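One chain, chain A, appears in both complexes that follow, with chain B as partner in the first and chain C in the second.
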Partner chain A sequence: MIEILDERKKQVLETGKESGGIACEKASLAGSVSQRACVFCGSRVVLYPIADALHLIHGPVGCAVYTWDIRGALSSGPELHRLSFTTDLREEEVIYGGEKKLYASLTELIETYRPKAAFVYATCIVGLIGDDVQAVCSRVAKEQSIPVIPVHSEGFKGTKKDGYKAACEALFRLIGKDDASPLPELGINILGDFNLAGETWIIKEYYRQMGIDVVSCMTGDGRVAQIGRSHRAALNVVQCSGSMTYLAKTMEDTYAIPFKRVSYFGIEDTADALYTVARHFNDPDVLRRTEELVRDEVNRIYPAVERFRQDLEGKRAAIYVGGSFKAFSLVKALRHLGIRTVVVGSQTGNREDYDYLKEICDEGTIIVDDANPLELSKFMIEKQADLLIGGVKERPIAYKMGVAFCDHNHERKVALAGFAGMLNFCREVHASIMSPVWRFSPAYHKRKKEADHERGESIAV
Partner chain B sequence: MNVVKALRCDQSESRSSVSTQNACKLCAPLGASIVFRGIENCVPLIHGSQGCSTYIRRYVISHFREPIDIASSNFSESSAIFGGGDNLKTALDNLTRQYAPAAIGIATTCLSETIGDDVRLYIEQYRKERKTRSIPSIIHASTPSYSGTHMEGFHAALRATIEALAEGGACEGTINLLPGFVSAEDLRHLKEVLSGFGIGFTMLPDYSETLDGESWADYQKLSAGGTPIQSIRRMGRALATIQLGRGLGTVRTAAAYLEEACGVRAVTLGLPIGIRGTDAFFDAITQMSGIGLPAKYAKERGRLVDAYIDGHKYVFGKRAVIYGEADFVAAMAAFLDEIGMVPALCATGAATGRVRETILSNLEHSRPENVQVFEDADFVGMLEACRAIQPDIVIGNSKGYFLSRKLGVPLVRVGFPIHDRIGGQRILHTCYRGTQQLFDRIVNALMEAGQEGSEVGYSYI
Partner chain C sequence: MLLRHTPEEMADRSALTVNPAKTCQPVGAMYAALGIHKCLPHSHGSQGCCAYHRSALTRHYKEPVMATTSSFTEGASVFGGQANLVEAINNIFTIYTPDVVAVHTTCLSEVIGDDLTQIINKAQTDGKIPKGKRVIHANTPSFKGSHVTGFSSMTQSMVHYLSECTGKRIKQINIIPGFVEPSDMSEMKRIAEEMGIKYIMFPDTSGVVNGPLDGKFHMYPNGGATVEQIASAGDSMFTVAAGRTASQAAAKLLDTKCKVPFEMLDLPIGLRATDAFIDSLRKAAGVSVPESLMVERGQVVDVMTDMHQYFYRKKAALVGDPDHLVALTQFLTDLDMDVCFVVTGTPAGPKFERSIRKLAGDRPIVKYGPTADMFFFHQLVKNERPDLIFGNTYAKYIARDEDIPHIRMGFPIYDRVGHQYFPITGYRGALRLLERMLNALLDRQDRDAPEESFELVM
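Take a look at the complex of A and B:
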């Protein structure tokens, strides 16, 4: 029997049963085995795809080694982001300070790799041992003539969301450097897409077809120079709103660039995103091209989606992802496949997000904030989920219980964004749910038997 | 530049850079977590930021493809200032409520160690405060990630476990086996071998089931398996302890503690890889048990000798790069040496100052001038060295794929982590049977490279 800890009960609700809102945006409960990571993780995932920058992790070795080449963030050019650099602090630096090593590391790395900028991530103990990271960064910036930017990402100073904010602050320091290069009129910045498996390229191609120019991508296939001119774009289009809305708001305040929150997952949300941008520019040609694009793409993929739906109709899904904006899209995308969402949760959702989830989910759906493996398995069993959508940490929970799985986390190597991504998503879900291997799983067998039994009883009644 | 130069001079000869670039080591709490999951019904608790446990979980899950719940005391800013005692106690309470574990294994981090948290005191207080309730056994290992690698964490956790649990008393004539950080398949094989001698034994840790278990019928809060606490208590009454890891003889290990505190003789052997390495292991058991080599293993040995002869020409003089944990590298180097290969570069992220001697003292055929040993190594430094060495093959974990790809030579995947293939936990490295598999894989990899690189492409080699 799995019990939910008292302190966590308010972070769980079932739609239709409870009228109040969910508790969220809290620090994880000690000992609860949260699926969240830390402030550093938030900063690292956002800045990671900037491929021509040096990413130096200042601290003992762990933080660097666990984040070496883990994202599926592709680059069309340099691949400096795929290497892992750390000051690898040892006992003597913990005692005497790490500034000297930081200075030497930055200097040698910049001289070796000639990056366009450097990010220095401060991890847990950096402040505690008294390192003045800003001072070292300023000195090296001057000597090497590139921006060297500290990222204040000490793991314990909040949650992953605070890490997003620290990353946005670091990005903001790169923005506004280039006022000279010529720019198109209908230019946007893509925020919050990380080019996992080439997703930014899919989205950029849509905008190209619509006649919209992309000034910068933050941070998918990102380049320092692009970011430097991004303040001259006409619109910020923000996906993964949890991570990048802060930057969009800062740019709105500073440079008067409006922003729109969008998602590129699923058919409606991708179409909505493109229409939102087209409508913003209110150019008849752009609108027409957008309509054509959406129509063509939907026509292209719809027959295939329908074929998948025939196999998947009536299945039930559990969703547990980092940001809740992605969860919204997934609930909708699954409907196209005839799959009902029975459990949905996120690591970093806010009250508004969860209220919206409540609205779009069917009655009897469990909504959970900052869940742990025990809770996830409990809800999956109770709600008889056939599929879990999550990341690598959630995968074994599903597989051990004979439940299909779709990886929608930042390690994935399959593009799931846009219309093409919807098709990949269908394939992923279909391949897992329809696999013949489940019949060998004892848990799957048990679930089937119980479901048959329940059905038998209801017929008997 | 002077600071860079000065710092480089302080380092071991094998380091060409101050910073660590693509680290060849993991941090200490990871090793400790592995040990704690090798104890029956024990849950690891990392005393630090939430990210430490989540990153380590993801890293371990990606190799074993199994659930591993690792809790965190989830430091906040106030715990970093006022100490993490309250968080630790909350975590102990919540873990006990949720998991009802037999033991909780606490591993500290750079954060809790740097602020000087007195975990021993917290545990004492906790035991006093909670004396009316039954609480799990609490094990505490000091594992700051600025000190050593994951192997220091592994051995610190082993020693802490023994110190916390083992009891002395009249000798029961059993053997303790401390196998080191080997695969789940290795652990199963070592148990089979010892069982074949009909002698009572306790192996610690034993994650052969907990981290490579069956598919489930019901959810398991903590995967079944692991060394039972009761058996660990009796380790102080064993006849002898065999610890596998050539470099361990001079370190404060669990075996050393058992010898000092309980009078259990400690025998240090290299990991049983290769014929000589395995012979030494079997000789030790034969002596302790008074039972001769079982016919089954005599046959395995015989077949291995036969295979060595069949394949000797394909491997003779081939230069290999081998990297990973120091003891693993030492055993692999001795194996390569005995089949006529040259362990041209032996690299480890560990910086103990003893690795070179440990490795070289076990080579019989290779000339020392043809063998480079890198301590405190990283993969970028190894790649540089390889430009001159021109190796024929790379042998080690997935993180060396980068090397193999750049050098255009095959990678034979062994050790931990295997993140780019399935079944890393089922690779057998040890004893005659494991050596047989390694030998076949190495010969075949070289054959394949020759075949692929040949214009003719014979199917008959």
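Take a look at the complex of A and C:
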């Protein structure tokens, strides 16, 4: 029997066994080993890939250190985003205020690095000591003639999702600066792709082949100038809906740009995404090219996927990711490999997301919101997962249990988006599940015995 | 070149830190707390702090790192975190059943002004702390000190809360190992065992963050100093404390609280520092040094002698934590190397600089505290090219851009394994350091040697 705190019970359900919805969008229980992070974290990961902007973290040193070059968000040009800048607030500033230090730091940095814009992240104590970050930013913006934008990301002001919103608000202040430069007719903005391991480049190449121009990407391989003209695009294509839907809605209200929610993970979802965009423009040439592209790509990768499937058929996966939208795609992508999802959870899913998950998962799947490692490990044992898909904190837990792992978060080393990414994903999953190392884990022998036992029983019946 | 923006010309900076050479106190406190058996570290602050520290330690050790958080919200930061912490303590003991909860504060809870002693008392009187279980705390505001002082505060708080003096002395020695790797703690214990000394080590993360794979996820791995052990440290005869920044506070408190005298040593990195460590143990326990350790020592001296020509006047640039830097400076000068830069982001104070000067004279540029960061270190390197760089993983940007061999040392190391399992302390650790340094220097010599002087025997 899995022990779960009474307060947490409503945040877990098993498909087929329970009717009704899951409780979610709640603050984590005080005292839990939550895998979640804070507002600052949400803002930082969204804005981080803008490579020609300055990212100054206003607060004590830690927040800057822990977000220093941890996200493999690639840039094709400047790499200012990979350095770590902080006002490193000390006791004196906590008492007398940090505005002076912030002003001096900003001025010095802008004069040294000449960025195209600057983001100033307010951390927990900045909210408490009452620094007027906005005033300092306005003053420096005027003096240096670049946008200097405060990001209201005090950690305690909510969850990571509130951080996404603060980042969207900051981005929105960059939008609409450029009304002059010539733009193509069939132009889109890619929202919510962060160019981890070069994924944005894969997606952009698909759009290029379709005859669609990418006006801006927010924020993968991002540039301030592109964001400045993004309000003149014809369509916003939103991935990672948790982080960017808010911005898409704001742009719809302000600039009348429609938006579509898509996912670039897995075969169907990638194809769906491209067709969604093609249909939006309703241009026969674009449609034809999209059909060709999807057909060619699927034909190219399908035989390889099938080969992987032969080894992986019947395996069981647990998924624990930040945003639930990613979980949808993963459930479907795993199915192509013959892998059934037996546990699926997210840090920030909402009711609608979990209802959809319930729909697409097989009976007996455990769905969990804001899981802690103890729950996660117990569910994995109960459901005999062969694979865990998660982030940095989950990896060693899986390994200790003798379970394979695939990083679908910041630490992915290969692109997982698009058709090419599906192939990489298959290879990663295959490499880990089929690795001979598991034979040396005591868990392997235990499970093998149990599996043999089960098989024996079913034959007996 | 990732660091292409670093200018050679050095200008004074008053306000700004670029690429820090330290991190904040709480992560050190969390690491120290993992050195107590069946202890759950607890972060009293926003959720992000806890997630970041766990991620940092997980990346460094490639092990699960468990810790809980008070999950501060806007309400808590207005009305104080008492309700959150009391509820947290209740939940933690109900669901995770640790023996100890080790609470550390964050910048947020410090600025709000939460009084942890009072809150823990309240939890006690409200019956939220089950019988026989303990809650300890350390104040670790992120705007003071660094990860090393955070480690120090939590170690001191172990003495404050857990050490007891019954009045009956026990024939045992306390070893406070400092902010070092689990492998180093194991090595110090092995040396004490080799000498036949009964000892108490705290904190002791060996077995906790370098445990074996046994097919299960353990919330509380086997290692760590037990509450009983830390309690009995108050009855020990003597304390050997290694690394002033990380260990002095705890050793001093044991002295004032329980009258256990102590000797303050450098970390036992290198030959002479290990000599001092063993000598201190020997005197305190009244034993003699066994032949086995003398053989280990002799092997270190042997390699130092065999290869001394390769170390002669080689320039070393050091960035890291103060206790490591002092011991390393001694070892490198003993090898006749030229220690040219010593940089730490930790506000280590003038005592630190004096220690370095005593060992290396006026030659090195020494800088500590605010603006002693990787950017500054890089500028130094640009101005006078060293042959070797010692530093944590972040130093690799500089090593790559400047094409200088890099010895990984300190916290964090995100891109290599080994630090968890192989010590740099003790004679064995000295031997390993020698090997790594030689490999770096000789590989470089081989790479750069013209064909006619590419040597077989080195």
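We take it that the second predicted complex is superposed on the first by the 458 of 461 C-alpha atoms of A that agree within 3 Å, B and C clash if a C-alpha of one lies under 4 Å from a C-alpha of the other, contacts with A are read in each partner's own complex, and residues count from 1 in each chain.
Throughout what follows, a residue touches a chain if its C-beta (ideal position, glycine included) is under 8 Å from a C-beta of that chain, and two chains touch if they have at least 3 such contacts.
All values derive from a computational prediction rather than experimental measurement.
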item	value
Clash-or-fit label for the pair chain B, chain C on chain A	clash
Touching partner for A:236 - first (chain B), second (chain C), both, neither	neither
Touched partner set for A:28, first chain B, second chain C, both or neither	both
Partner chain in contact with A:219 - chain B first, chain C second, else both or neither	neither
Touched partner set for A:189, first chain B, second chain C, both or neither	neither
First (chain B), second (chain C), both or neither touched by A:270	neither
Which superposed partner A:341 touches (first chain B, second chain C, both, neither)	neither
Partner chain in contact with A:40 - chain B first, chain C second, else both or neither	both
Touching partner for A:245 - first (chain B), second (chain C), both, neither	neither
Overlapping contact positions on chain A, where the chain C interface meets the chain B interface	3, 5, 27-41, 59-68, 83-91, 93-94, 100-101, 104-105, 108-109, 112, 124-125, 128-129, 155-159, 373-374, 377, 392-393, 395-397, 399-402, 440-443, 446
Chain A partner contacts - residues on chain B that touch it in the complex	1, 3-4, 7-8, 17-23, 25-27, 29-30, 45, 48-59, 61-62, 65-77, 79-80, 87-88, 90-95, 97-99, 109-111, 114-115, 144-147, 149, 215-221, 349, 380, 399, 402
Chain A - residues contacting chain B, complex	2-3, 5, 27-41, 56, 59-69, 83-91, 93-94, 100-101, 103-105, 107-109, 112, 124-125, 128-129, 155-159, 372-374, 377-378, 381, 391-393, 395-397, 399-402, 440-443, 445-446
Residue numbers on chain C that touch chain A, as the complex places them	2-3, 5, 7, 13-20, 22-24, 26-27, 42, 45-56, 58-59, 62-74, 76-77, 84-85, 87-92, 94-96, 106-108, 111-112, 141-144, 146, 213-219, 345, 370, 394
Of all residues in chain A, those that touch chain C in their complex	3, 5, 27-41, 59-68, 70, 79-80, 82-91, 93-94, 100-101, 104-105, 108-109, 112-113, 123-125, 127-129, 155-159, 373-374, 377, 392-393, 395-397, 399-402, 440-444, 446
